[in-house]
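One structure below.
Should a chain be cited, it is by its letter among A, B, C and D, assigned in written order, with residues numbered from 1 in that chain.
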Amino acid sequence: MELDKNNQEQGVIDSFQQVRRQTLALTEGLSAEDMVVQSMPDASPLKWHLAHTSWFYEHFILQRFSKNYQCFNTDYQFLFNSYYDAVGPRHARPNRGLLTRPAISDILEYRQHVETHMQQLLALGQPDVTELLTIGLHHEMQHQELMLTDVLHLLSANPLAPAMQQTPPPASLSGSAQPLPALQMLSHDGGLLKVGAAEQGFSYDCEKPRHQYFLQPFKLASRPVTNGEWLQFIDDGGYQNPLLWLSDGWHYSQQYNWQAPLYWQRQQQQWCSFSLRGLQPLNLAAPVCHISYYEADAFARWAGKRLPREQEWEVIAEAQPEALTNANFLEQHIWQPTSCDNQPGFQKLFGDVWEWSQSPYSPYPGFSAAQGELAEYNGKFMANQFVLRGGSCASPRQQLRSSYRNFFHPHQRWQFSGLRLAEDQ
Amino acid sequence: MELDKNNQEQGVIDSFQQVRRQTLALTEGLSAEDMVVQSMPDASPLKWHLAHTSWFYEHFILQRFSKNYQCFNTDYQFLFNSYYDAVGPRHARPNRGLLTRPAISDILEYRQHVETHMQQLLALGQPDVTELLTIGLHHEMQHQELMLTDVLHLLSANPLAPAMQQTPPPASLSGSAQPLPALQMLSHDGGLLKVGAAEQGFSYDCEKPRHQYFLQPFKLASRPVTNGEWLQFIDDGGYQNPLLWLSDGWHYSQQYNWQAPLYWQRQQQQWCSFSLRGLQPLNLAAPVCHISYYEADAFARWAGKRLPREQEWEVIAEAQPEALTNANFLEQHIWQPTSCDNQPGFQKLFGDVWEWSQSPYSPYPGFSAAQGELAEYNGKFMANQFVLRGGSCASPRQQLRSSYRNFFHPHQRWQFSGLRLAEDQ
Amino acid sequence: MELDKNNQEQGVIDSFQQVRRQTLALTEGLSAEDMVVQSMPDASPLKWHLAHTSWFYEHFILQRFSKNYQCFNTDYQFLFNSYYDAVGPRHARPNRGLLTRPAISDILEYRQHVETHMQQLLALGQPDVTELLTIGLHHEMQHQELMLTDVLHLLSANPLAPAMQQTPPPASLSGSAQPLPALQMLSHDGGLLKVGAAEQGFSYDCEKPRHQYFLQPFKLASRPVTNGEWLQFIDDGGYQNPLLWLSDGWHYSQQYNWQAPLYWQRQQQQWCSFSLRGLQPLNLAAPVCHISYYEADAFARWAGKRLPREQEWEVIAEAQPEALTNANFLEQHIWQPTSCDNQPGFQKLFGDVWEWSQSPYSPYPGFSAAQGELAEYNGKFMANQFVLRGGSCASPRQQLRSSYRNFFHPHQRWQFSGLRLAEDQ
Amino acid sequence: MELDKNNQEQGVIDSFQQVRRQTLALTEGLSAEDMVVQSMPDASPLKWHLAHTSWFYEHFILQRFSKNYQCFNTDYQFLFNSYYDAVGPRHARPNRGLLTRPAISDILEYRQHVETHMQQLLALGQPDVTELLTIGLHHEMQHQELMLTDVLHLLSANPLAPAMQQTPPPASLSGSAQPLPALQMLSHDGGLLKVGAAEQGFSYDCEKPRHQYFLQPFKLASRPVTNGEWLQFIDDGGYQNPLLWLSDGWHYSQQYNWQAPLYWQRQQQQWCSFSLRGLQPLNLAAPVCHISYYEADAFARWAGKRLPREQEWEVIAEAQPEALTNANFLEQHIWQPTSCDNQPGFQKLFGDVWEWSQSPYSPYPGFSAAQGELAEYNGKFMANQFVLRGGSCASPRQQLRSSYRNFFHPHQRWQFSGLRLAEDQ
């Protein structure tokens, strides 16, 4: 028994260490300069991510459960609180990039300080702590993905088009010579079904409660829409035809002169896209990526289809647990969507690209926000955002499950976001 | 038979004339100056409404069905198209208030011209025309409500606080001396129910198809939230507490320094609200009005409740057809919400104030947009807006039904919008 | 003596009546709708001008000197104060167009009320009153010009391109068939000269004191730059070459995509310009008009010349008093610049177009602002503006003199502004 | 002779090396993170300054005069051109802070590369090169000052209020216990005088030609306005009284809620100001600093005085050549204004704070811009800016002379800018 308990505590400590190491590993190849700059208000400097993911444990766990814990630096409460009004005032989000001090070395020391104290605390095996730790680890995994999306945005703003990754791209990044088989629309009968996360196992408040939902019969595409298909949309004038677009989307796309997904560039006659490996020729067989909800919706209308409801996606994904394994997640270190192939059945439900659903991010029936300060984690964002499902090439594997709901505003494009088509049956 | 047909045609003509007369009647007490100015991009000048509601028949009916029809003025195609990209380019919405020409007298002549030709056409009894006419009449009724909300906004921007209506307010505008009985939360069992408009009878594409929807058991408040209850929210610091608010809502309310509903003013020690009868003392027993979705949502959280789903509202309202009669609609000429009383059961489901639901404006399962140019009527607005139900004191009675879905952005406040609370059972 | 005094008072009353009549005459052909709308924050509705020019006498004269004077409407103190902080708070300038009430009929009554009381007061012959009246009349003349520039801007924003003036254009609006003779650059020796207004006669505080100023020898062009010459600038890529422009001007012109003077439009192959007579073919022989300082400066650099200093312009103009007579001023009712001709010597120093000088609007040595509330009339605008000289086709003749300093921000174009070239000798 | 020439070349090389060393020395105590971030569009990252001041020699000298010169990196032509349209397109100014690459180490290598080649070229003793070098050195000195003002702005945006300088402040930064003697207004007779730079010796094009200017008699204050005097202005409601302000200034100050000079903070009961030594108690005896033209002008009006004309300042300063020695310039490493004292005569004409003049930055009579690409150096900024005189505690001594004209927009405050009063005699 005692041994088991020790084992369990060691397991918790191992998970903690692994997540922390993985976060740090994402800074490989980056300089202190790369980690301090903020390229837009939506994105944060990597240094800020490194600090905030430590502040989270310090504030929600160490300060409450670790006896006589001394804050590493009390100013950090102000600097690295993200959006928790219940915690107190904080440094304004758009100004995160002005923090040249504390230095990256201070932040690394801060991380070390928090880790030391967390490991001491975790060794005590307190259940309350373990529960909060789990949230903390999932929180940090979310920031791992954001670190990649934010550094990609930063480097994309540099006329030198610098690459973060120096390793050669894997073969899966270039499509096969033969064309992809036609997309298949696979049927589901619908019915009064259960969706949402079960009580056991970790999930966020917004995924609960598991509840009944009535679905009409529908079809879901076997794979995401590819770059090759998106080029047809462009060539058919998709970005010039207001009749394909939502009204808000049309005005936004006109204001910012959208002509292609974010990070696409035309070099002479060829389309390229900017990635963490620098500027690369467009891989026609890979899922299209870095598109807004508005673009996804316009494409679907152009294709005579629609975006899936999040519940449609979830009942399909829940039925294929194997889809989570071998998906193209952050741990693959590819950090770009890879080519689709011509296997039968559903492909790439998980990993590669987040898939925009047509579902606004709303509370499930019976939703109640987490208790205490963490009540702000999800609930306060339930307006003006749409749900994305399935994770991306920048999502840590442990973060994903079929009930996971990601959400962004419909104009945002800097995430690894794509789409999968659906239609009524 | 022949007689019946004539009768039927005469009925159509009568409806047409009645709607047209009602539109014009709304300009009573207003000058040419009052009708040309645009007080904000969301609102339109009354002259523009008068012209646009004529353009609608001219473009969608007369030009297609009336032989040898001569446009009153071909420039009007450009000036008075609202948002139909399929129809062609148009005058920019924020510039509608710059059109001092054509004069109001020209627009009245235009209305007459269209009416004459429409009546000639309607006398022919063509079914296609009748169907389009019905849309045209419902369209015009929507603009009748907007005329009142837009002129209210315009007059509210005048430091003189001028009244449009010179008639004395009815007794129902001042609350009774005794306090209202406590709000009742009335239960419903939920279940797999039908929502949406049936095929027969007029309804917009966005209300269809009628479909099954699974509802958990819930409770709905017997009446809307009143001004008196809203004052408690204010006095309890509701506008200063970010924990009550959606994140987007909090930022918006801070940016524009919201401290009370739109049109409320504190005069010495007393709260007043601006209305079409000018500035009036706040009627504590009347439903709160001119609030945004963000405020409605914050109030519900403060009250320990939530906003209803639109389907919850609909199944309740559909079960009480009598609620539509005797409601406070535009035809009452009160044009303000009236006092709640202490009758048992549901009150004011229709009329008085539109009720914000927690439902984003999304397509129903199986939705397909109307055909042709009218496809843009509703579908392209299905992002970033929330559904409101039940109509207001400015809605024409014929416009409303239990399946009717109104929609606005969550920050908008110039409509007659209020809220009714709900909760899980 | 008594008779003389009566005569003098009658003269004052006559002047007053004449200016007031001239103001009203400018509304001919305009509707109430035309007079209530504000087309941009820089411009004001005509109704506002009509009211403000009455408020000026009421506030600065009647309330101080007319015994037992009853304000027409005390709200007007707030509504029609333009920018006098010393007088008190006031309606915000960009919201002047929201005032659909008071109605134009109220404003005309207000004018009548003020006129009646003013005439009674003027009959008393008080010197203090006469002095303030003179300012009031000059103030009203300034607003006469603004009424024309503001209504021109308003009508230009109407896609129907409506004409205010229905009378046929005089012959002087179309150039002669033969080309203009080359522009002459006429020399002046400079020296230690006197500039500024003398003590006697009316002038604004900013024109005083008359003072010595040392001028290097210079040359001034015999006539303003014409539309024909401006076309050469356009055709030579003047709007595309940053090296010709001031830095602030280049950024401004790029942001607003300037390609030609304000009100120019290309219709098929021909350049037209919008005027109070509607859209007209460009008159190549007339002075270019509706250009900003930035454009004037860029043109001068392109031409290898420069803009004149205001003192250079003044010493030339002062030496030719006959230039004021027969100039194209407001009273001509042409309200557009007319063709240059090939007379020798200086042409069009006065009237037609205001001429941008290179002189920032700064206080003269020894400047002291007028006393009391009128101290704000000129002095507080002495930053970020440039001086223009000579008056325009919309300036009342009585308003002009060689020392008169008009001033606008360098990006503003809706005044009748052109340029005359200068160079060092 | 040959020896002399060698000596002369060595002198040029020495000057070059000294300026370059001084630039680098300004980065002491700063990290790579401190040098990459841009805190506002007006300011540039220090890394950018380090690169741009090298690009200047590379582009204007090495590429033209150094045979077979290989650019260090051709991308730098785009990245580090500041505003020379004649040179070609360039990285947008507000995005300078996005350049995390090239790394600071690359930029230091770039500096070394340019220095090596420059020294080889300078050893050849070509007069054309020496002339351009002189401009390059003066250009680099201007950027030395900007480096200090820009890093001060950056650090001021950090809630930690970090100090760049760790050395203790000299005694001159704290005022003496006894109050300052009253400010003296010293007289000058004016007359027809010469101003502007002589032909011999280095000066910018905008300081020339030396020319006659007629000045009325005037008085100039013996010393700049102090922090103590500014406190009186604040306490007297100076920031709340629109009658003291220029119209543009009042609106700007209201929009940004100015209540004190930039960098002032109230800590409990005491005013402090942020400096490169961190937050410090306000030194009442030191010249007020970091004020806009609008504030300087309002203060002067409050004080019953005015700002000096730039010519007034110049004739005074030219008459006291000793004022340049022992002034508080960058080389003192104090980098803050020091206390005034009670010596008779003029104090602090040079150094400590730039003094706003009332003179808009305009071309002198006979001005002609420098030839070629350097024509853009000064001339294109001659609108909307005001002249400042005398240099500051962040100005390199070699940069200053009595004819030197600095210029900024009237709202800008991040320079070391103060004021000295003047009045008519």
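Quick note on the criterion: a contact is a pair of C-beta atoms (placed from the backbone, for glycine too) under 8 Å apart; a residue touches a chain by one contact, two chains touch by 3 or more.
Please read these numbers as outputs of a predicted model, since none were measured by experiment.
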Lowest number of touching-chain links that must be crossed from chain B to chain D: 2
Centre distance in Å when chain A and chain C are each reduced to the mean of their C-alpha atoms: 60
Centroid spacing, where centroids are CA-atom means, of chain C and chain D in whole angstrom: 39
Intercentroid distance (Cα basis), chain C paired with chain B, Å: 47
Shared-contact residues (touching 2 or more other chains) in chain A: none
Chains touching one another, given as label pairs in label order: A-B, A-D, B-C, C-D
Contacting residues of chain B [partner chain A, same complex]: 83, 85-86, 192, 211-216, 242-243, 245-250, 293-294, 297, 306, 309, 358-360, 362-363, 365-366, 375-376, 380-384, 386, 410, 424
Chain A contact footprint on chain D (complex, rising order): 31-37, 39, 47, 75, 78-79, 91, 95, 97-104, 154-155, 157-160, 162
